[in-house]
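Look at the two complexes coming up: chain A is in both, with chain B in one and chain C in the other.
Entry: the complex of A and B
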């Protein structure tokens, strides 16, 4: 009994610093954001209580709903396009074909290159006057399809999404690590039973990296919901807010010195994120059972 | 985790102390049992933490001067507590060295960077041992604005900084965290400023920001491209302007430069000129309900028929790239861009530039100039009279007419300081100054005259206008809804 009590004290002691940091840097800011979302505050002078007015304002703003919708599309595309692409690459590269290390590095490269450099590169690709994409279209006789890809409402968001989809390296590496940990005897047994590569991937590899997969899906959804950098650098939310996302929306509220509105947007972002995480956890836990 | 881990935890204690604690812990352990022992170990752990914190505090503490008499000889009163000493004030053997921090945007590739940097070095040399200005380089305007706002909201206003809009200046003044500089600019420095510059910079009769750099915005034409298109005379009205745009378009160049990204700077300036033509001198006083804002929006929309295909979504680098590389014929920007055109423009571009004031609409309001304060020098509120004196000395130094003339000549920028215009070496700048003086009226550019939220709504409203989501009235309605 005493031994158990000593262990508990020790555990608490070791947890305290992390708990302290978590409260100071996560719990308190979230609490503060929640409280300040009820105030009219320009960030400089004293705040005045505004009740739910900030929420009413953002709910009546079309740009808010468009941003939220874009975020959801972004998160879904990350989960259902980016992660499967990463899984495919992980499955191929884990079989160690020729130059697999080279390709692993290439796919991971966008993660380690500055976002500004990549955004500049993609801006140059999409530019209507001297861009690579229009150049290719003109070269193959499709010059009439050339357009201002990032300035056209029908193509801008898709172009930004495509740019985001190239960030598969992070998930690929997580899943490759998962695949490496699988006991080779499963594969030997499957081979003896006559299973081909596709069958072993479907029936052995994917089920055994389920936890890596769920981690990747969770991360992809979270990254999708908090997307800012790519949109800010490539279109700044344009044209006419067509590519706006929630973090950019709240950033613009801050630029307008409307910190109450920015905090209300943050609360909505946190709630959306929490909801998505709960859904993903539910999805994977039900499969466990 | 087990007990032995806890026992070994305070390894950072001096060995003697550790042995002492261990011995005492063992003694107590046998006497009072393990429960009591745990309490003592907790005490030892707490002692470790306290010792650690104490030693860290010791590392961070300021060194006291060996000779306590080596205190300030400025002023006669002795302050009791070091807590009263303002940050940035350092004790020296000869007196009190006052350091002013200055997050500065005029660095890097900014056309004023070189000479303004020299001015700061000169100030530091002139007041060596007494005052020092420490520059914190900032190269991104948006990030700079965010930084200043954040610092002021946290009560940590920089000693010196610049503000580029009256809306921000008013907000900062309301915070009570910036210095009232009225006594400076109406005292010793009164004669240095151009007429009415100080009056226009006042908020409720108080001058919180010293007007410094001016945005004097002419129309700039690439005469070579105009000649190639068969245009022999610069347009005087928007009607002529669009005729010339047709000719330029036919000649295979982009007639105008437009952008909608960031703050849509170039297009915002075009809109300001359209407003001057449609609404006259008091267009901003009439407010956004005035018809002039709708008419000007129609002109601006038409301009997008005569620009590059990448205008929607383009930023300043795209716009500058088109004009600097002679792909576009007509451009507008502040006079400060002349320095960059000289160094970055296509060969001969600078020599081919023609300058004109604003255009008329229906024969009215031609010849106007868009002209407003682009940078106010603002001082953070100080309790320390030495810092106030240092800030005043700095203001006096950087508003010296000869220094400002050198800054103007080197950069192409213009200032709210009276200096001998005949000494301006650049003929284009002289021409801009002459045209500006001769202008029948001047108006500020749109962003300077509007609240921050309206200025920030301009780019997306413009994109909606150009993409056909809204008409000219809808564009103005979008601006109104941002108010």
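Entry: the complex of A and C
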């Protein structure tokens, strides 16, 4: 009976569409950038083997290092500012204060709006002539601080980066789900022992949502490394490549028909991402012992 | 909801310390709420003013509500076309994605075969792949296939990039109901395909809706690949449109804001309708993983 139920042809047929899409758009492209990063290629004429020359070229390019540095700053600030803020708000909202569902809905809202729309909204906030930010500064008497936020080399990067750090809904919702899953008896025991809210948060809640926390940190780092839309729309990397990030760097290489360089940048991006994921996994699992 | 939460709380005394904590807590809750909502509300209010009113004072309310801005946005930016493009791309990509995910999940969840967990692990790992780094291979695939500047390229690509998430969500739902349900159908002579269509799919409806909502939002909001793979006005999606509003309405700020409002309204309506699915989909994907 078991054999008949086990329809091998059916299983293979049913796996095929998903496997086909996955192999064409996930597996093949990764091998493709890996191999083609060793070729000198403009996307049109035949590619010629170039060894590690593409890598040598991007490594000697200051803009590449600037982009990588910006990505690392982006990932780190997401991990060490955005995720902790989200954790704090998850701890507060999971005690179900008044209107907590309303606030959860509001905090999550930026997540359903496209990154490009949010970036456009912020370009209106930062606009040097009629922007919201300069308007607020003038209204509170700090008009002399008003400036061209995105055109100024010393403020451009921080402006592009910072607004997203306070959109905490995504990570907060993940951690709230983790907190909901905690067995209530832990809290009752702690209460009997006389622990206050802070002590239970620090000694019970946070250790028990370690898995959600590590998921959030990983996602924050990965998203920090693949960021593109905000920079592309707000500054397009300027002024003077100050705000460039790796995806923008590889996009520009591609537009200049330097496909080899673009592929080498992709490989660097994928490797950095993999390295970061491994480090975070290690960090969170070593705390077990 | 509020009542039961209150009952569970132990009676709190009003000491200076608890008052300070309460103030700090509400300060944080309101800060993140205002931070998220204020720019959006400001954008909406501004989109109803005249340009003269906006330049004069960015915070004033409109003297007369200017629906004309929305009419301008629709006629000048060719918004209707973009919205239709976004809808057809998102609907078709979501349909392909959910069918492929449901079929693969059925095979993985309801049958035993060699390597099934390896296949599932491979799909799940796809979430971590930095897709933005794969611009060159995607561009090459679609240019070889003759699908550049065609909405079909977006339909196929979007169906693929959402697969890891969808397989994850749908499999989770399929795992949650017992085998005995199909057993009876099997005894009645219902085959591999019949059980899928008549039993498993209807029972997994909630999971399919959750995954579909998530997938639809991903498609609707996608920018990077729409920007890379399409170029002519006939193939612009709404996100690409937003990018060009800034050029189209160089001096007509209020119409640009109206266009952005139109572009984000579908996301907000979808969020209102499917909030529970979006949040549960996100957490099932991120917490159990």
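Note that in this section the second predicted complex is superposed on the first by the 262 of 289 C-alpha atoms of A that agree within 3 Å, B and C clash if a C-alpha of one lies under 4 Å from a C-alpha of the other, contacts with A are read in each partner's own complex, and residues count from 1 in each chain.
Note that in this section a contact is a pair of C-beta atoms (placed from the backbone, for glycine too) under 8 Å apart; a residue touches a chain by one contact, two chains touch by 3 or more.
Since this is a predicted model, take the numbers as computed values, not measurements.
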Next item on the list: Name the contact category of A:21: first (chain B only), second (chain C only), both, or neither.
Entry: second
Notebook entry, point to check: What is the contact status of A:11 with respect to chain B (first) and chain C (second): first, second, both, or neither?
Noted result: both
Next item on the list: Pick one for A:240: touches chain B only (first), chain C only (second), both, or neither.
Entry: first
Check: Which partner does A:84 contact after superposing on A: first (chain B), second (chain C), both, neither?
Finding: neither
Notebook entry, point to check: In the superposed arrangement, does A:34 touch chain B (first), chain C (second), both or neither?
Noted result: neither
Next item on the list: Could you look at A:42 and tell me whether it touches chain B, chain C, both or neither (first, second, both, neither)?
Entry: first
Notebook entry, point to check: Once the shared chain is lined up, is A:258 touching chain B (first), chain C (second), both, or neither of them?
Noted result: first
Next item on the list: May I ask you to name which of chain B and chain C touches more residues of chain A?
Entry: C
Item checked: Contact residues of chain A, present in both the chain B and the chain C interface -> 5-7, 10-11, 14, 43, 254
Check: What does chain C use to touch chain A in their complex?
Finding: 1-2, 5, 10, 25-26, 28-29, 32-33, 35-37, 39-40, 42-43, 46, 54-55, 57-59, 96, 99-101, 103-104, 106-108, 111-113, 119, 122-123, 126, 128-141, 156-157, 159-161, 163, 167, 186, 191-193, 196, 217, 220-224, 228, 239, 242-243, 245-246, 253, 257, 260, 263-264, 267-268, 270-271, 275, 278-279, 282-283, 286-287, 289
Checklist line | Residue ranges of chain B touching chain A (in the complex, touch as defined) | finding: 1-3, 5-6, 34-35, 38, 42, 45, 142, 145-146, 149-150, 152-153, 171-172, 174-175, 260-262, 308-314, 318, 327, 452-453, 456, 459-460, 463-464, 467, 469, 482
Margin query: For a test of understanding, state which residues of chain A touch chain C in their complex under the given definition.
Written below: 5-8, 10-11, 14-15, 17-19, 21-22, 24-26, 28-30, 32-33, 36, 43, 88-89, 92-93, 95-98, 101, 103-110, 112-117, 120-125, 130-132, 135, 139, 166-170, 173-174, 177-178, 181, 191, 211-212, 215-216, 218-219, 222, 225-226, 228-229, 233, 246-247, 250-251, 254, 259, 262-263, 265-266, 269-270, 273, 277
Check: Inside the complex, what are the residues of chain A that reach chain B?
Finding: 2-3, 5-7, 9-11, 13-14, 42-45, 63, 127-129, 147-148, 150-153, 156, 235-241, 252, 254-258
